[in-house]
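Same chain, two partners: chain A is paired with chain B first, then with chain C.
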Partner chain A sequence: MFDFMNNPTVALIVATVVKGALLIVILLTAFAYMTLIERRVVAKIQGRLGPNRAGPMGLFQPVADALKMMFKEQMIPSQARAGIYVLAPVISVVVALCAFAVVPIGNNWSANSGVHSIWDPFIGDINVGLLWILSISSLSVYGIVLGGWSSGNRYSLLGALRSAAQMVSYETSLGLALSGVLMWAGSLSMVTIVHRQLDMGIWYICAQPLGFVIYIIAAVAEVNRAPFDLPEAEQELTAGYLTEYAGLRWSLFQMAEYINMITVSAVASTLFFGGWSLFGLTDGIPILSIVIFMIKVAFFLFLFIWLRATLPRIRYDRLMRFGWQVLLPLAALNIVITACTVALGGDRFWWISGVAGLLVVVVMLFAIRRQGILEGTHFSEVETGKPVLPHSVRLVTYEQEPELEQDEDSAPSVSQPPLARNSNTVQV
Partner chain B sequence: MATNQDTEFQAEFSGTSEGIKTQEMLLNMGPQHPSTHGVLRLIITLEGETITSCTPVIGYLHRGIEKILENRTVMAGIRYMDNSDYLSPMLNETAYAGAVEQEMGIEIPRRAQYIRLITNELQRIASHLVGIGTYGMDLGTTTPIIWAFRDREGILSMFEALSGSRFNVNYMRVGGVLHDLPKGWLDECSTFLDKLEKNMVEMDGLLSGNEIFMSRTQGVGYIDPQQALAYGLTGPMLRASGINWDLRVNRPYMAYREVAVNPIVRQEGDCFARYYVRLQEITESIRLVREGIDKLPGGPISVRTPIALRPPRGETYFAIESSKGELGVYFISDGSEYPWRAKLRGPSFVNLQIVPELLRGHKMSDAIAILGSTDIVLGEVDR
Partner chain C sequence: MSTPANIGYLYAGILVAAGFVFVILATTVSGLLSPHNPTKEKLQTYESGETPIGSAWVQYPLGFYIYALLFVAFDVDIVFVISWAVIFKQLSIFGFCEIVFFIVVLAIGLLYAWRKGVTRWI
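So, the complex of A and B:
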């Protein structure tokens, strides 16, 4: 019955299609349960319960949400350009799904022997894997810009333009941050990058701490999550590019956002945290590598949720300044450090770029904190636990007056305002 | 229109902007906007992202509370004070009851004074919690508001135990308070305060030290002391500009004559200072409630007042330090059961007046940061 599988080309196509379909199903399920997990985790952080009514622990909540979204009326605003308006969410989702194709989810089934099988847990091991991810993720801005522009709403347009500017600015830093990894691995293939980390015996986070920090910051901005969620800034732009969308089209945009989140998490764990590897634990059991990879991705997804629950939104002009004036030079510096280390002697000296990168991170953090100290808002704690106020704050304590009646003018005060008001009863 | 034509004319003939037509954009923020705190409407003129002018339009929540007070007997009118600043009903009631007491020359029993102090300070905490929580919300973080409302819930439950109502408490009376404290209420209050103190340390850690929060608030919306005085600002907004003026200290009333208050003053005058003054005032209020509980004397909770309360003919002004600033009641009586006039000096209304001045020259997203830092309640602005 499966004779056609003997033809290697046909077998490859069949395997790729099956794996692709499987991956799409996995990603869509992950998106659905990501929404539930996010709501539950944020609720936990905020001291609430979160959705727990539909099914045990609210497990059917995504199903209920999906049903609700499906049956909502989908209007096309009269001002909108209908074709592009309908197409934009589709572009977003397709692009988001495509990017995952090159990410190795687990080890080869033949475990470490280097023998490739068509059923290995990644769709394509192309030799431009990293470039594929960068180029595809930069396409995702089209969905947002077209959606915002075609809605025919001012808020949508503003949100879309902000989004375009933000994604383009942070993409440069993202690409530069990843080129450090590229120098160490000497390959663009995601599978080879993981194997190179195994060969070197370290995860690239050790050699590339600066690159990792830049990548994570730029990735949060790239997927428009808090604190960089300016395109959908509720308080300023109602919902940005999403304003005119409802129902399934709206959830397609959400889907794209969450799948992008999963993708950048997967890329972060592949490039900086050794992908599916964990100290040789996966040698005998290839299926374990998938579990380990999922745990690593889940950690980064939790980071995204945590950020969203904690941080306020950054201001737009500061966002752009941060991207161009801080992140981009730092990414360039990272390239210089890495290039020097690689030229110095290769794998044995990975700790040089590691220490140098860590130093830059610490100096940057210190510089940022110092700015605050200069403005007099940071308090040092003394052993009593009470904050020591900066000299700009004058706290006045009052001795308790034993009498009931206190003379109004005798109240000591640092700078009495020149106010004179009588609160006496005046008889008419 | 004329302005725009002039601009175009200049651009065309002076050659400075190389023929690019620039036009100011009119943006209507509110009355239904997520961050105008109720139904405030701001008509904002934008040049790019910079605000060139701003006109607040108020009155969308006008219910004629002052007029209602004239048509109710004094005791019945107290309940309507709850709706003025709906985040601090206890303080509103204290102001109104205090004005009538001052008009009638009543000195209320010490126990009633202390119960008023405790409830007032709890109410101040509740109001500041909402102020801080919504301020976080304005700046795009969702957790502080939930934490703040969780803590505020404890205060509202205590008010429910005290008065039977969570929100429109209707607890103050001319001459004292309605009920004595229920059994076990003070213990519950102490337990709650311990918990709140811990939670406020958490809140401080979540917001105050956050780089993004500081970059959004520090140096934004600076009010210098002279300006603050000229605009008649009171409360945290005035104290954040370095002026040490707190009616609980400078014009002490009721139990504040015996309980010392440390006013929280900061010199920076920006949004961060206003936020931080509120945060520290919560800590100070916790201390005051504890001191009030320690010192709480026995005795009656109210003086006997006639059922048909007729304040003598005359007029008086009585002001308390509300959570937003000086809440004054100008009470005129013609000797009948009904007040002839009861004018409220709402601190939110006065504090709102500086907003157009503050917004000018700021960016659009700063507008929301500044408006949130004024902590206005539209119920009190429109009354």
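So, the complex of A and C:
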């Protein structure tokens, strides 16, 4: 019955189609349950319950949401450019789906013997795998810009432009940060990069801490997640490029965003955390490698949710300045450090670039904090020694305020009780 | 079969096609299931409840254009840096000097843009 599978080319195509379909199903299920987990976790952090009505622990909530979206009216606003308006979400989703094609989800079924089978758990081992991911994921700007532009709405247009500027700004840092990994691995293929980490005996996070920090910050900005979700800043732009979208088209955009999140998490765990490997644990049992890979990806997805629940959205000018004036020079510095180490003697000296990178990260944290105090985004202390609110949050300008009668005990003292912080400024 | 590396593109192409099939299928099914009852008010542009005035395609700040220019310059650099990084171990000291020189030029470019105030929004 399965005679046609004896022809290698036909068997290859059949296997690829099956694996592709399986991957799409897995990604969509992950997307659906990611929305539920995000709502539950954010609710937990904010002291709420979250959706818990549909099924046990709200487990059927994604099903209910999907059904609701299917039955919603798909309308095209009268001002919109209909063709592009319909096409934009399609571009977003297709681009998001096919970026995942080159990520190795697990080890070869024949473990490390080097024998390849057509059913190995990745769609394609392209020799320019990482370049494929970079180029495909930069295409996702098109979906957002075209969607925002064609909606015929000012909010959408501004949100789309913001998004485009933000994504291209952080893409440069992203690419430069990844080239440090490429120097160690000497290959663009994702499968080979994982095997190189096994050969070297370390995960690249040890050799590239600075590169990892830059990558993760730039990745959050790339997928437009909080605290970099300025394209969807509700207070300023309603819903940004999504304003005029409803029903299934809206959920296609959502889908693209979450799948992009999964992709950048998978890339982070492949490049910096050894992909499916875990200290030789997976040597005998290939199926275990898939589980380990999923756990690593889940950790990064949880990190995204955690960031969203913890950090406030940052201001747009600060966002752009951070991208160009902090991340980009640091990414260039990372290349120089890594190049020095690799030129010095190759794999044995990975710890030099590791220590240097960590040092740069620590210095950067201190410098950012100091800059924040100088520019007035942190609490600072005036001559009286009382901590005052920064300029950006003060209700009245401090200089024009009439001198309040101060008690005699306002002599310079470094530590004030926290309650005293607001006392000077909030009386309007 | 003999070169799995090149056949990988076929895999990726199949995935692109599968993505398109999925999206078109989903939108078609949804189009069949959902109601279709547009009214004039429903199709109006949303501007926080006000009646929209004029076209939405307004002029936007020049800053976006400058960022696009900067991006083009630096993205071309990335193409060079990535292709260099892959074969760096074979290039040895010559490749190292090359890239340091290249990054210095890049840094001067960024410094120029920085001094001109381009990297600052508004």
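Following the convention adopted for this analysis, the second predicted complex is superposed on the first by the 371 of 428 C-alpha atoms of A that agree within 3 Å, B and C clash if a C-alpha of one lies under 4 Å from a C-alpha of the other, contacts with A are read in each partner's own complex, and residues count from 1 in each chain.
One rule holds for everything that comes next: a contact is a pair of C-beta atoms (placed from the backbone, for glycine too) under 8 Å apart; a residue touches a chain by one contact, two chains touch by 3 or more.
Worth saying up front: this structure is predicted, and the values here are computed from it rather than measured.
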Which superposed partner A:310 touches (first chain B, second chain C, both, neither): first
Which of chain B and chain C A:171 touches, first, second, both or neither: second
First (chain B), second (chain C), both or neither touched by A:320: second
Touched partner set for A:48, first chain B, second chain C, both or neither: first
First, second, both or neither for A:75, with chain B first and chain C second: second
Touching partner for A:13 - first (chain B), second (chain C), both, neither: second
Which of chain B and chain C A:328 touches, first, second, both or neither: second
First (chain B), second (chain C), both or neither touched by A:248: second
Partner chain in contact with A:153 - chain B first, chain C second, else both or neither: second
Chain B or chain C, by number of chain A residues touched: C
Residues on chain A lying within both footprints (that of chain B and that of chain C): 238, 316-317
Of all residues in chain A, those that touch chain C in their complex: 8-9, 12-13, 16-17, 20-21, 23-24, 69-79, 89-90, 93-94, 97-98, 100-102, 116, 123-127, 130-132, 134, 149, 151-158, 161, 164-165, 168-169, 171-172, 175-176, 178-180, 182-183, 186-189, 238, 243-244, 247-249, 252, 316-317, 320-321, 324-325, 328-329, 332, 335-336, 339-340, 342-343, 346
Of chain A, residues touching chain B in the complex: 42, 45-48, 226-227, 229, 233-236, 238, 308-318, 368-369, 372, 375-378, 392-401, 404-406, 408, 411, 413-419, 421, 423, 425-428
Complex contacts: residues of chain B adjacent to chain A: 34-35, 49, 102-103, 105, 136-143, 146-147, 150, 206-216, 218-219, 225, 229, 238, 242-245, 249-252, 257-268, 272, 313-319, 332, 363-366, 368
Contacting residues of chain C [partner chain A, same complex]: 1, 4-5, 7-12, 14-16, 18-20, 22-24, 26-27, 29-31, 33-38, 40, 42-48, 52, 55-58, 60, 63-64, 67-68, 70-71, 74-75, 77-78, 81-82, 84-89, 92-93, 96, 99-100, 103, 106-107, 110, 113-114, 119-122
